[in-house]
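This is the structure I want to talk about, given as structure tokens.
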Amino acid sequence: QARPPVVLAAASMQESLNKAADAWVARGHPRPVLSFAASSALARQIVNGAPADLFVSADEEWMDYVAHAPGRPGGWIKPGTRANFLTNGLALIAPAGSPVRLSIRRGFPLAQALGPNGRLATGQVGAVPAGKYAKEALTNLGVWPSVAGRIAGAESVRAALALVARGETPLGIVYATDAAVEPKVRVVGLFPPQSHGPIVYPIVGIAGSTNPEGEGFRRFLLSREGHKIFLAYGFGPR
Amino acid sequence: MSSEAAPVFDIDVTVPRGEGILHLSFASHAAITALVGRSGAGKTSVLDMVAGLLRPQAGRIAVAGRVLFDSVAGIDLPPERRGCGYVFQDLRLFPHMTVERNLLYGARRAGSEPSLLSLLDVCALLGIEPLLARPVRRLSGGEAQRVAIGRALLSGARFLLFDEPLSSLDPARRGEIMGLIERIRDELGLPILYVSHDAAEVERLAGNVVPIG
Amino acid sequence: MSSEAAPVFDIDVTVPRGEGILHLSFASHAAITALVGRSGAGKTSVLDMVAGLLRPQAGRIAVAGRVLFDSVAGIDLPPERRGCGYVFQDLRLFPHMTVERNLLYGARRAGSEPSLLSLLDVCALLGIEPLLARPVRRLSGGEAQRVAIGRALLSGARFLLFDEPLSSLDPARRGEIMGLIERIRDELGLPILYVSHDAAEVERLAGNVVPIG
Amino acid sequence: MASARAERMLTPEEWDIVVLSLKVSAVAIGGVAPVAFGCAWLLARGRFVGRVLLDALVHLPLVLPPVVTGWLLLLAFGAQGLVGRWLAEFGVSVMFRWTGAALASAVMAFPLMVRAMRLSIEAVDRRLESAARTLGAGRLRVFATITLPLAMPGVLAGMVLGFARSLGEFGATITFVSNIPGETETLPLAIYSALQIPGSETAVTRLALVSVALSLIALLVSEVLARKVGRTGVI
Amino acid sequence: MASARAERMLTPEEWDIVVLSLKVSAVAIGGVAPVAFGCAWLLARGRFVGRVLLDALVHLPLVLPPVVTGWLLLLAFGAQGLVGRWLAEFGVSVMFRWTGAALASAVMAFPLMVRAMRLSIEAVDRRLESAARTLGAGRLRVFATITLPLAMPGVLAGMVLGFARSLGEFGATITFVSNIPGETETLPLAIYSALQIPGSETAVTRLALVSVALSLIALLVSEVLARKVGRTGVI
């Protein structure tokens, strides 16, 4: 039997990518080895020569980092394998029982909705991709200055989700996909796609990978059937 | 029971020790009572029981009419309330203190002591003034022994327990310190339980000799 | 220099000690040489220098013609190669071992010893057979001292250093062990440097008395 | 002078982070040290049932991944947590506050402190304690003048270990109180944030060096204290 | 029997994770203990310049956030790293291997082990060592028969601390060798992964309890060993 490929993927893709791997196995392939961690950690592992076959990043920045990193003649990415694989949306969420109502538009009263002491949970601004998008969207909607001092920057977008689910913060900003898997939160509203740059998940083959299974799995993920699996988890079309 | 009629040491103890059982019972009216016996007989164990560091299986310990331990009456004073000045066979100086702080450790208890036992007098009599600022780790064997004696004397004790206190000292020092002990006996009237292997010491100091083992 | 003509102990040492400087120089032809002097005179320091545990500022140490230290010649044998059996004033039994393991610690060196010093003989002579399996923490003062003597005797030493080895023992034991020491002197011919405050001991054992301080 | 140079080397934001980190670590270590000593004492001297269980409990924050510890703190001290609700009655909340960061640091440092202190307490010669008692010292005075000073090497080692751990503590803090600049963003959180940004290796290195410098200072201070203790028996 | 019950309680994957974690921790602690002891010895007994610097270096993995330590390991042992290139000449690579996870665990446990061991070495009465030397024991024998056994409480405490730390080590491992199921996915990594999935609290709790159980066993073993050492002076 063929050797399983090693896939490095952003932590937020855990459920969906595992499901896709199951589907791949159902087609008679060895189950890919999936390693989930922060995109930053995975990118650094790749440019230090870690033996992997595919990389799925949660944002373009870290993919660009891999693309431009020195140390290997010809670069760390297998030419012609980079593709934007998925897109995602940004959601404002509240605990499931929260009565809060807000419509997300220019200057919407987010700070008031947080109350006197409430905080807005999201990924660490400037570090976790979701936090970066949240700041961008709030800035474009003109409400960033009023909440900048009120952010609770979680270690990952899933940690932000947990803060809202437990009612530690009245509101939070996470990906639409995260909101969909947590019954203890309610989506207050989705941010208009124009309010932030496109949230894309690039996928690449890693240079030096010789496992044909890797390329096969990559093609499967990008295929219609593969893609369908991710749509079920709330990811948007390419 | 009035303290005048009571023996100075009234001791009756039983304790398992080593492979056997140690039993000792005596009442002594002498201010200085010597405990003698071969090595391993149980002399140190008796002092430990009087000091409250080893609990007898059963028995009674009274010093100058004051009951320190009584298994029947359920009396067992903690060591700090027995008021003894104990010169340990293994000295037990506090290694993290200077000689002076060792000497003064028990002095808190000795509020209104007669001037015989002031720090300077004791140091002079024991010949340890030049050592006051030394850490105790850097003492010779006999110097450490003299500091241990000084510490017990300065602690304002109601009675003294001496476990071979002069074993590491030269004859001249020995004589001097025996003189000091006699003065303590005569001028302060402190009861002393004295362990020694030295016949001359016992002869000179003790009013009563209790053999053990 | 032939070992016949050489003195048994040929010692000339200088070392800063306490507040002053300790200097001692003597050559002794007696198998047992006693070091006597008041407490703090420097007796233990001299033994430590002979054992290699304290380095003299300057001087020379030779035992039975064998040079252990010579500051001029640059000789300074490490303690383990000096071959001494040292009974420390503070005993220094190994607390994590039983009496038996303490006694046998140096026995490796004592490959071909005469049978006088077999484990069982030494234990019998010192009266410590019943203690062999005991952890050393649970010994009386005199018992510990006898174990320390046994450990030194069983170590196959070329010479012995005794620092008040009998200070915690009763007169009967003292006499027995002095007999043992005499046999070691006479039958094995081991040089012994002997520190004691006891005039009777020194009188009986030592062929030469070196005063110090 | 040194601080002037440090100020020149660090941006004002970074400088604030350093000050906050020191505050968090100092409060954490200072606050938890007595508890740790008490616990070490119990483990060293106590002969009660469930001693091994207490021991295991003490080691818990070491055994669990830090984020789990942070999560458990969140469960306990959060708005719905038992402790959190109790504290709320007094109008106190540690959520998203620097006090919460100090709490997380303290919890993570706890096992290290206890172990070091316990080792030293176990090494104290109890015969010295009984000697002190014959000299009229009650249990408390014996503790303060004999046991504690003799155990001081372990207390110092525990505090250094705890301080160092606190300077590096990341997972429990961010999970418990998130990363709030000026309130809970300590050095490791800032370093972690920086690490998430491509090309930020210099910023990471600079902050990491600051951490190392702080720990070096802590080590030097502890060495000096240890020497002083060795000489005089007191701090 | 116990293992049969454990197997019933855990899924086969979880069981593999437990076995892997034990392997990683055991190799890490076993491998690094002698190095830690040597280091502790140097710090306790050495009087060389740069002692405080060595001390600081030892504390480094404690002071830096674990992910930074993982990153530094990646830089050193990666394909372009100094050590990585040297190892590659022998055809050895620790990247994405369980050996790499063990290395990360060892590095993180190192400061804890050194401190505990050092405390105990410093507490050894050197007069006993000199007594042993007069009895003919060379430095090595003195070390093996006197110093090491007397320092054994610290060695054991260090190994328990290290083992516990290793069971909880997450940040350095995932940053250095990623989260590869069956190869580098130890208990904390599995727990972290599970924490990322909403509603997985039971899985997290079960795995966390397994961690706690393992550390409890380690504690019990160390207690038994400590008692044996206390009685006989040898393990």
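By written order: A, B, C, D and E. Residues from 1 in each chain.
Keep in mind that, in the parts below, a residue touches a chain if its C-beta (ideal position, glycine included) is under 8 Å from a C-beta of that chain, and two chains touch if they have at least 3 such contacts.
Chains and their UniProt names: B, C = ABC transporter related protein; D, E = Molybdenum transport system permease.
Just so you know, these numbers come straight off a predicted model, no measurement behind them.
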Quiz item: Which contact partners do chain C and chain E have in common?
Solution: none
Quiz item: Which chain pair is joined by more contacting C-beta pairs, A-D or B-D?
Solution: A-D
Practice problem: Report, in whole Å, the distance between the mean C-alpha point of chain A and the mean C-alpha point of chain D. | Solution: 35
Exercise. Take the average of all CA coordinates in chain B, do the same for chain E, and state the distance between these two points in whole angstrom.
Key: 51
Quiz item: How many angstrom between the C-alpha centroids of chain C and chain A?
Solution: 79
Quiz item: Which residue numbers or ranges of chain E touch two or more of the other chains?
Solution: 67, 71, 195
Quiz item: Got the chain B residues that touch at least 2 other chains?
Solution: 90
Quiz prompt | For chain A, residues contacting two or more additional chains | solution = 162
Quiz item: All pairs of touching chains?
Solution: A-D, A-E, B-C, B-D, C-E, D-E
Exercise. Spell out the residues on chain A that touch chain D in their complex, using ranges where they run on.
Key: 38, 40, 43, 61-62, 64-65, 119, 121, 124, 126-128, 151-155, 159, 162-163, 166-168
Quiz item: Inside the complex, what are the residues of chain C that reach chain E?
Solution: 51-53, 78-80, 82-86, 88, 90, 92, 94-97, 101, 105-106, 108-109, 135, 151-152, 155-156
Practice problem: Under the touch definition given earlier, write down the residues of chain E that touch chain A in their complex. | Solution: 67, 70-71, 74-75, 78-81, 84, 93, 95-96, 174-184, 193, 195-199
Quiz item: Considering the complex alone, what residue numbers of chain A touch chain E?
Solution: 6, 8, 11-12, 14-15, 33-37, 41-42, 44-45, 48-52, 71, 156, 158, 161-162, 165, 181-184
Quiz item: Which residues of chain D touch chain B in the complex?
Solution: 127-128, 130-138, 145-146, 149-150, 229, 231, 233
